[in-house]
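Chain naming follows the written order as A, B, C, D, E and F, and within any one chain the residues start at number 1.
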Amino acid sequence: MTLLKAIVRPDKVDAVKDALEKIGAGGMTVTEVRGHGKQKGHTAIYRGQEYNVTLLPKMQVEVVVADSEADAAVQAIIRAARTGEIGDGRVFAIPVTHSYKIRTGELDTM
Amino acid sequence: MTLLKAIVRPDKVDAVKDALEKIGAGGMTVTEVRGHGKQKGHTAIYRGQEYNVTLLPKMQVEVVVADSEADAAVQAIIRAARTGEIGDGRVFAIPVTHSYKIRTGELDTM
Amino acid sequence: MTLLKAIVRPDKVDAVKDALEKIGAGGMTVTEVRGHGKQKGHTAIYRGQEYNVTLLPKMQVEVVVADSEADAAVQAIIRAARTGEIGDGRVFAIPVTHSYKIRTGELDTM
Amino acid sequence: MNQADTAWMLIATALVLLMTPALAFFYGGLVRSKNALNTMMMSFISLGFVGVLWAVAGYSLAFAPGNNWIGDTSRLFLRGVGLEAQGTIPHYLFMCYQGTFAIITAALISGAIVERMRFSAYVVFITLWALLVYSPVAHWVWGGGWLADMGALDFAGGTVVHVNAGVAALVAAICVGRRSDYRSSGLAPHNVPFVLLGAGLLWFGWFGFNAGSALTASPSAGLAFTATFLAPMGTLVVWTLLDYTRSGRPTAVGAATGIVVGLVAITPAAGFVGPMSAIALGAIAAVPSYFALQWRAKTSLDDSLDVVAAHGVGGTVGALLTGVFAQKSLNGLADGLLFGNPAQLGIQATAVGAAIVYSGAVSFVLLKVIGLVIPLRVEAADESTGLDVTQHGEEAYVHGGGSSMQGA
Amino acid sequence: MNQADTAWMLIATALVLLMTPALAFFYGGLVRSKNALNTMMMSFISLGFVGVLWAVAGYSLAFAPGNNWIGDTSRLFLRGVGLEAQGTIPHYLFMCYQGTFAIITAALISGAIVERMRFSAYVVFITLWALLVYSPVAHWVWGGGWLADMGALDFAGGTVVHVNAGVAALVAAICVGRRSDYRSSGLAPHNVPFVLLGAGLLWFGWFGFNAGSALTASPSAGLAFTATFLAPMGTLVVWTLLDYTRSGRPTAVGAATGIVVGLVAITPAAGFVGPMSAIALGAIAAVPSYFALQWRAKTSLDDSLDVVAAHGVGGTVGALLTGVFAQKSLNGLADGLLFGNPAQLGIQATAVGAAIVYSGAVSFVLLKVIGLVIPLRVEAADESTGLDVTQHGEEAYVHGGGSSMQGA
Amino acid sequence: MNQADTAWMLIATALVLLMTPALAFFYGGLVRSKNALNTMMMSFISLGFVGVLWAVAGYSLAFAPGNNWIGDTSRLFLRGVGLEAQGTIPHYLFMCYQGTFAIITAALISGAIVERMRFSAYVVFITLWALLVYSPVAHWVWGGGWLADMGALDFAGGTVVHVNAGVAALVAAICVGRRSDYRSSGLAPHNVPFVLLGAGLLWFGWFGFNAGSALTASPSAGLAFTATFLAPMGTLVVWTLLDYTRSGRPTAVGAATGIVVGLVAITPAAGFVGPMSAIALGAIAAVPSYFALQWRAKTSLDDSLDVVAAHGVGGTVGALLTGVFAQKSLNGLADGLLFGNPAQLGIQATAVGAAIVYSGAVSFVLLKVIGLVIPLRVEAADESTGLDVTQHGEEAYVHGGGSSMQGA
């Protein structure tokens, strides 16, 4: 199995969720993160001083899928999250050796 | 080594922590997340409109253990976090190639 | 590629970010977490009762780098985040099989 | 000069001033966190620009003698306003009291256009609006204008404040257009406790607004106080029961909204109706606003925080019901429908209609003209990033010790 | 009619009304975030149901002549309550002022049963409780009832408000049962700044509560004000020093609690004691509440926000110490133990005892009867999910732009 | 005894008391979340220790006859303070009113040393400071001391409160030293809505502070009210425009700061100047504080929340401008420069200078002496962890149900 770790714009989570559901991904986990990449950040002003805020709000969507579905899921995420502007984010694919369902205690074979 | 990434109910974190301590896991990292799986979500009502809240609050517990201890840790987590109801969550096992202690700078051999 | 997952003290994020930028790492993702390891925690007092707070605030810095750069990045992180006191945290190295740029949809070769 | 009246009006004025920060929290809690400061600033800034302009010119246009339609320029820069009594309180104080009304009325409009209107355009708009719309309408009713002559009853501003702002909000929501993600995502309030805090402080301040409108520490103030006390209680009960009936779960946002709607509705009636009428008026007023709000959310009108449903509809219903429940034995002025004077209802309707037409028309022209000079909306990318960062260079909440910032 | 008294009572009434939203924040900050709105709604809803019922019936039962035990029905629906003076202020205003007391007393009880009581059962309970417990007890002390006859001193409601609510809280905590995770996990306050905000606004409002109980802008009000000013300062100092001595770290929750305990304790005494006595009373009252709170947390009694320790114990201590520190030269009524009249202490104890017995018994019966119709607790799964979502369909805080929601 | 004055001063005193919790939020929102409670406690604790000491001794040193430099001990423990009139209000009430000033003045200092000063050392410092610095300086100006004799104008405490606290803040920032991460990281405010809440409540309370300083419900109070109403509006407009000009983005923290600076600057002038002068004074005062704040941030002086720029500079500018804008026709006392009396400016400067020298010197000695017994700073590790946990054993915000805690 593969863990897809996607860093996307905060306002793209709903679209990504819908896209993943459509291709039948069973579940997902979302985390608020802040990130920094090509995107420049913005200046903030506190008490008259300008600061460079380099870590911008992003959302991380994590979904574990069967290896065979990984490609489709990556494409679904990319299609849903893309705006074409700098700051769209990344998808990282990470191998997962086992997955367990806590409710049943069983190894999950997806 | 193996990273166990467990998504559990928010009120099970203490139990999971205790269970992991009992089997001698050295540390853990906890993140607030929201997740979606079999569990249906609930309806929220804002200004008279019903919304379907599909991402529910969960906690993610991450613990890196020696490969030999992974199975015991998984079982400990499952035992502590299970209620038997939908929404109990998952444990994913992910390979870790190296682990470093920042304090000493040394490679950690667990 | 490798995902470096570093758990560091909250006030070390800026230093870690600077160190990673200096060695040319392209981006990073930061998450607020709470962690527990060797560090004892502290006692909190609510309504006259002492509680043992075992999960302390940490920040998790995740950065995906080419395998060849992983070592340098680990060293950079360790140098920037170390205080030598208990609670400095860990760096875990996790294999990444693919990385995609959402903006372009391309596989990222770092 | 009456010292007791002065004591009461000192605190009443402070209470109404507090309503603007309270509104900032009521509104600010309802938006997403990336727009929290922008929304709050839309209230706070009225304290600056509208407040200063009120002293410079607005007060004169509203309260200097003038004619039936507008005051004159005799009190520009507060000329001739001094320590002497206006009624039974210092003239200065009277001017401040009335200024607080102008400030909050302008700020109310912001609820319709939060999360996308450009801050500079907004500031220009409400400042001019306070001068060109608020001041004349206030003159019509309280400055000896034609609505006063006609016998319209508006104790503390159902028409002048709420209908007036509600209509401007409607026009603004249309002119500025809807949020780009309106109806496509949840748009849930980011901090409901702030909404409750706002509602609580608004109620507190509203005692100054309504009971202060007696301008004396008199039985009339006591009557207005009592109505302001009881009407929102009636609304809160009905609103909660409506919520409960429809979904089994009475919401906190609903409770806060219900309280505000009750306060809005009782505003024109406060010093004119008895306590049981106040409860009834509050209870009745819950229904149209409740359903207006539900219905609006299904339309394409992005009146984001439902200013029209709460203030427009609530104010109109209150103004009309004033013509139903008013009781000459209590207010010495006029009876309403229930007490044998159906004509009053017609007068009330005329006043509401006049405010709708005037405020609607001038607000529209103002926005169109401003839009020629300054774009009314922020860039789409800025809307997506959030207005706090893009309009104000700040984030409302920073965690992790600001670890994402570096000195420039 | 006295205009200065009217001015003071207008604002005093508004101040007491504000205490209920303030309580919502004091309580709401102490619970976990998944129950924040439910806890706040438990205060806010009292403004609706208890408030309306007060006007309809409660006022009559408490303040209409009646007999030694209860008022009569002559003022149902506020019949005969009008613009005329009650004392030196408009009768309407007097009715509102007293209504604010009923509202907050009922809301105080909620602290004992937050995080698990079903909202509908709670609303029914406090509404009936206000009518069947609060109104009679208020009549005993302030409506010309038997405790007044006996000479019990209760300036602003140590017995009527705090002991009364504290006992009902104890009974409710027992009847509803403890939270399923009580004593198994940390149960830490989710937002301590809200607790401090609540305490600050409560203190502010309490000046209306205590100094307003003079019902006049008189030296007596000034005396009550001074006591309300100084007593919590004494409590705050002692509470902080106790915290410091025990752990080296004075807590913010402790400071907020200390302030409230001081306010509770001075309530019955406010207009009867001198300023140095007020400081002493506040300082002394810190001790029993501090240790009651510590001890309670080790028992199986899940009085979640310590209503018993703060209001029950604090109110009792205050009522008794009123019998110690009262000074006829200041209040014109009676001396306490320290000024040569030990009998007063006995009278005070009788009043407290009567409130304990009556409130305890009727609260118990009420809860048992309601429990037959509506389960007092939410389902276990709902308790675990949190009451905000399950009882109100809302979350207090939504981050990330509500990205988890989709229109139905 | 005047009842109307009493009514006004009852509420005015409550308003000023509320300013200290308001300050807790203004300051608390500006720090990082790990220090939020500690910062808030620094304000709240003043309500305890400074408040009690005021009743015990401070009042006597400030307001008992004494000599030109300090009061005497005749009113220690409030001996001879009773229900009788002081001026036209109960003496007790006068004492409370003045006490609120001592409390908030001491608390103001905390802004300079948050996020690193040891709580116990801080408490000792402000308690002694209130006695040894505040009381004498208050006596000079309001207790019949030498500055009063000289004809210095300080309506509500520009010199006594703001210059006094501002100088102590400067000295404290120097003595305690800068935060270990000062200028190395962002140090962004963790909760800007709290800053706005604080500013809103401060403005509200400030009406009690300034208009209450008339001690009567009189035209003079109305005049002071009007100035307190208009001056911050002027400051807010100018501050916003400065922000806008420099970066195109007017900040919310700036708006809140601007409001406070306007309130500070008008404090000495409130009852002495006309409304247009008040707007001008507020507008002018924005400039030096705005640039002082910018400049300070580039220096190594870690006056963390800019007490010096806001209160020191703002208070000085206000005191001097009082000598410019004062108008005998309004205040019956003295004209300023603009009205033909340049000498007044010199007197004002002398008063400011005296406060600077005295407060600076005594604050310095006090801190050095206390530092011999208690280290002024927390340990470096505690500073890095945050003062909430290390000084108070609490966290301000706990999410996820406190799941990290286990009963000891």
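What we mean here is this: a contact is a pair of C-beta atoms (placed from the backbone, for glycine too) under 8 Å apart; a residue touches a chain by one contact, two chains touch by 3 or more.
Quick caveat: nothing in here was measured; it's all calculated off a predicted structure.
For the self-contact between chain D and chain E, the two sides draw on mostly distinct residue numbers; the shared fraction is below half.
Superposition on CA atoms relates chain D and chain F by a rotation of 120 degrees, given as a multiple of 5.
Distance between chain B and chain F, defined via averaged C-alpha coordinates, is recorded as 49 Å. Put simply, the C-alpha centre of chain B and that of chain C have 18 angstrom between them. Averaged C-alpha coordinates put the centre of chain B at 42 Å from the centre of chain E. Within chain E, contacts with two or more other chains are made by residues 2-4, 7-8, 11, 34, 185-189, 191, 197, 247, 249, 251, 253, 390, 392-395, 399, 401, 403-407.
Among the residues of chain C, those touching two or more other chains are numbered 10-11, 14, 30-32, 34, 36, 43-46, 49-51, 53-55, 57, 85, 94-95. For chain B in complex with chain A, the residues that touch the partner chain are 2, 5-8, 31-38, 54-55, 58, 60, 74, 77-78, 81-95. Contact residues on chain D toward chain F in their complex (touch as defined above): 1-4, 6-8, 10-11, 13-14, 17-18, 20-22, 24-25, 28, 36-37, 40-41, 44-45, 47-49, 51-52, 55, 77-78, 81, 83, 89-90, 92-93, 95-96, 99, 119-120, 191, 194, 197, 390-399, 401-407.
Every residue of chain C that touches chain E in the complex is listed here, in rising order: 43-51, 53.
Across the complex, chain E is touched by residues 9-11, 14, 34, 36, 42-46, 49-57, 85 of chain B.
On the chain E side of its complex with chain F, the touching residues are 2-5, 7-8, 11, 15, 32-34, 183, 185-193, 196-197, 199-201, 203-204, 207-208, 211, 216-219, 221-223, 225-226, 229-230, 232-234, 236-237, 240, 244, 247, 249-253, 255-256, 258-259, 275-276, 279, 330.
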